[in-house]
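Here come two complexes built around subunit A, the first alongside subunit B, the second alongside subunit C.
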Partner chain A sequence: MSGFDARMRPLAVRAGLALLLFAVLPAVLAGFDRSYYYQVANLALIFVLLAASLQLVTGVAGLLHLGHAAFYGVGAYAAALLSTELGLGFTVTLPLAGLIAAVIALLVALPTMRLVSIYFAVATLAIGQMLYLVMLNWVGLTKGPNGIVLTRGLELFGFDLSGRLATYYTVAGVVALSLVALGRLSHSYYGNALRSIREDDQCADAMGVRTARLKMEVFTLSAFFAGVAGALWAHMTGYISPGDFDFGESILILAMIVVGGLGSLPGAAIGALVLILLPEVLRDLGDFRNIMVGLVMFGCILFLPKGLMGEVSALRLARQQFGAAWRRTGNGVGIGWR
Partner chain B sequence: MNGTHLLEIAGASRRFGGVLAVDRVDAHVDEGELVGLIGPNGAGKTTLFNLISGFTPPSAGTIRFRGRTINGLRPNQVARLGMGRTFQNLRIFPNMSVFDNVSVGAVGTLPQGPFGALFGGRDRARRISERTWAALETAGLTGVADELAANLSYGRRKYLEIARALAMEPAFLILDEPAAGLNDTETADLAAFIRRLHAGGLTIMLVEHDMTLVMGICQRVVVLASGRKIADAPPDAVRRDPGVLEAYLGGDEE
Partner chain C sequence: MIDPYYLQQLAIGLSLGMTYALMAIGFTLIFGVLNVVNFAHGEVYTIGAFAGLVAITAFAPPFLAVLFLALAAGAAAGFSLERIAFRPFRRFTDEASLKSRAMRESTLLSSLAVSIVVREALEIVFGSEMQPLPFEYMINAPVQAGPVTLATGDLIIFGVAAAMLAGLQYMLKRTRIGLSIRAVSNNPLGARYVGINTDRTIVMTFVVGSTMGAAAGILVGLYYGAIFPAMGFIPGVKAFVAMVMGGLSSIPGAVISALILGVSESMATTFLASGWADMVAYGFLILTLVFFPSGLFGAGRERV
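This part shows the complex of A and B:
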């Protein structure tokens, strides 16, 4: 009997990915033995997690989210402050960073979730900017533009993990676990309920799907994983500042899932790898590399409307979002909110 | 009033601005019935349908389903009480597979929290799969389960919509103009399919603009005209009802 289990990735693919992540890649990194490569690998993994968590909201549930990087920032600041001010270790700061980001997301979701389509997108943009401005201007708490230096190294249950290889393994382990969780959420019956909201939320409602609640849940869950990514970033680099979490980062993460394809978790991972690794590979081109990255994205939209492995085209989603702004429907739906 | 009706509409009205789209309608559906709701264009069929399914709250009157007043409930709450529906202008989820489309009906009527999907939840996934396959089987769609819904023909999409509603395992199924856009052969097939569903024990209400399908298969027909109920009788009696003929012919329909 085929069902959801048969639709999961085959075990061999999963085993192969695990082998690549935990054996082959570390061996290659150790072979090159340059800090720069470790940094790039960790950064790529963190952005894989960010793209995968945004994929759940935007690709699967179809809610255009323009402030994802802010929750990444909340997680990073939470971890950094808990570590420097309270002296808490990584085992505590990591889940707390996720939880704090999730709680803030839930609080902002309560009033905004009734907004539909483009109005929701604008609201997330505003929330992202507000959180960014708090990081920038609440100098008493966040030290403002100076950023925060983390004094304690990475450690797990008393073991020192601040070495390059140990840090890589920590980041890879947390990201892999998070991806398994996100995979279960997005490629399962829960994911199908979310997809039905993306496709036609009124119709989903008539099928018994609690659309308002699901939207809130998925927004909160995605912020949790963004917060976890933020904690990883803070502990990995040892220094954070507001510039890491501005609007540009939100757009970068959005671009990753557009390139990879909306709705697909592997797509999000591949999109993140392309947009993190491409600028690094093209480093020799100097300023031209940004033009090249732009061209890749432009080409993607033109020639691969559904991204590399997406379910819906980004243009369709955008049209749906903007279209609803001036489409009047008779079923008690006012303009802009429900 | 006796509380044994599956669906009971008592004095339901709905006003849109100055227009009284549904005017003090009383009607009921009993368990096991196959009822038709007909009326000329603008008679208020769709509005009454929306009142029943929770898409529009009534301006006055009450609607009871399975002994519960459902006025003001959200559509998803009404759906989870056991009411499945289809849409007049086909609303499938185009970028999802046929299997995934139908599974939404099953998910919608089972507990749907994220933690079941996160931690284990094999049991629930299996239940949803089973319901989905059963619905696909009934609607004859097992062969195209992995096809993208957008690739199905118009006729098959109708069955997809019905299968999705069946996966909810509803106590009551309302079909909004299921024969719209189908040719005579397809309509006959659909009629046979609806009869089979009814024979399987499902209570069904058909909302139709066209009389032929409804007269052919329904046990009882409710006729609306200008928002009012003008007849509620078996098909033969409705066919001879002067008020119904007047409403259909006088409104220069057909």
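This part shows the complex of A and C:
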């Protein structure tokens, strides 16, 4: 890396990514000028945000979260209802959707955050399903399985942004800002405290990290960003229905961060891009697209325990430790590597 | 005098609870030996139902043959599930890694991935909608028992499930393989030291658990006439709830919780629209987790 100060490199990477996101991609999209490509680009960006927000809980803080799509749905429904029932614009509904998702997450987090490992995963699964059932069955509020049609397009402080390119720029801008925030949260002392919970929560507790409070905070924060993603989705597509936020969607988001690498923010983005763009590229395969999600996820767990762009994987750490133990005992005698 | 309607709901609830119990036992056995949750258990249930369906459409065998074919398919599914989704991640057998979080989460995710693949594959082969069933195989002919009208399915499910539970109890308590299953779930390392083949025991546990899950699948499929690729998800979650309520590794606890769950659910449909009935199970789960973290019937288990 001659002529390139090591400290400048992350900056250069970020500048390059921003250039790609805000100049190159829009230029390419405008060049093709087909609304399908815009849709795919927006969808991919929204899922990048969802994966990154789940990454904070599951990857960095190590809490397996199986109901993330429900908070995404809460955000989408909040934005859609605020927009159709109260006639509020995107400027107001976007932050409000995030806040409503965060408040609901905080409420469900209060009783359940004491739970650990698999109990926590099960509780989040139940919470996700409960929220899904509410979306599906509370016909009076959510219109049930019929979904909600949004009549107003995107606008920001009174400017009309419902054109294709304007929509793309809005989505990209919100996602980029959220990613910067999530990056600051996970690569900082705060993120390190979360990692300490992941590695050993009892030890972290003993060292003075307020684990219960941190878990609650990170769960709420992640729900906030999921809610923001939901609002983007609702305003982008103009139509939402409960089917978009079911358990399968939670699993898809989880698969994204597993494929990308648990604990790494770029990994989450890459995983989301792979699992959104791969089915679009493989459109000819038709029905086999969903199988691909499962196969890619399985292959990644089996062959790439670190993911495509991993941080550290606990399995790898374990292998190093036990590999050392195995070398000491030697020749296959006793316990250890088999 | 109790309203016959409630008695009827009670009977339906009990048979529903029995199918949850059959599923929950699979979860409990596997959690016992491996300390991991098998997220593909719901798909074993689906495979059982589809195996029965294929047998029916192909050569219309008698009911018992359908049942046994479904059980065999379940056993095969359990065997291959263990090979594909669990064995590759069990590279270390020492105590620390058996308890390690990485091990549990990777198997959890891999079983999840396998369940996605199985469900989608079934959807490609059979289509995602409900499969038509020949009328003569449906087990919902009405049976009059005093003032209460039951379906044959209620009785058959209850009978088959009770027989399987008794068989399981016999196997666990009176046979060599049952002894080794109990030994491994009590202490995997200790079992290894006294010469038990833990790998074979784990395979056997999967086979037994999956057989029971497949039985539940074909029975429910024939009772409600609803066989479709995504059918395993909701019962899987319910059985999971029953397992957690029962205290994770207690089989009687899981069975009792499953019955409680089934009855309260069928009673709830009296007061709630059927769409909300699933809420009961999730509510139970959250309440159990918050107030009885070690389950209603669980012994004090170390929560790692």
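Just so it is clear, the second predicted complex is superposed on the first by the 299 of 338 C-alpha atoms of A that agree within 3 Å, B and C clash if a C-alpha of one lies under 4 Å from a C-alpha of the other, contacts with A are read in each partner's own complex, and residues count from 1 in each chain.
Note that a residue touches a chain if its C-beta (ideal position, glycine included) is under 8 Å from a C-beta of that chain, and two chains touch if they have at least 3 such contacts.
For clarity, every value in this text was computed on a predicted model and none was experimentally measured.
Judged by the touch definition given at the top, the superposed model places A:G208 against subunit B, while subunit C stays out of reach. Using the contact criterion defined above for the overlaid structures, shared-chain residue A:I118 touches subunit C, although it does not reach subunit B. Contacts of A:L133 after superposition on the shared chain: subunit C is touched, whereas subunit B is not.
Once the two complexes are overlaid on the shared chain, A:R195 sits against subunit B while remaining clear of subunit C.
With both structures placed on the common chain, the touch criterion links A:M216 to neither subunit B nor subunit C. Once chain A of one complex is fitted onto chain A of the other, the partner contacts of A:L25 are absent, as it touches neither subunit B nor subunit C.
In the superposition on chain A, contact of A:L277 is made with neither subunit B nor subunit C.
Ranked by how many residues of subunit A each touches, subunit B and subunit C are led by C.
Legend: residue contacts after superposition of the two complexes on their common chain; A:I251 is shown touching subunit C, with no touch to subunit B. No residue of subunit A is contacted both by subunit B in one complex and by subunit C in the other. By the touch criterion given at the top, residues 1-5, 181, 184-185, 188-193, 195-196, 198-200, 202-211, 214, 217-218, 221, 263, 311-312, 331-332 of subunit A touch subunit B in their complex.
For subunit A in complex with subunit C, the residues that touch the partner chain are 62, 64, 111-112, 114-119, 121-123, 125-127, 129-130, 133, 136-137, 247, 251, 254-255, 258, 287-288, 290-291, 293-295, 297-298, 301-302, 305, 313-315, 317-319, 322, 325, 335-338. The part of subunit B that touches subunit A in the complex is made up of residues 50, 53, 55-57, 74-76, 79-80, 85, 87, 91, 93-96, 100, 103-109, 112-114, 116-118, 121-122, 124-126, 128-130, 132-133, 145, 164-165, 168. The touching residues of subunit C, counted against subunit A in their complex, run 37, 85, 88-89, 91-94, 96-97, 100-106, 108-110, 112-117, 120-121, 123-124, 189, 233, 237, 240-241, 244, 273, 275-276, 278-279, 282-283, 285-286, 289-290, 293, 303-304.
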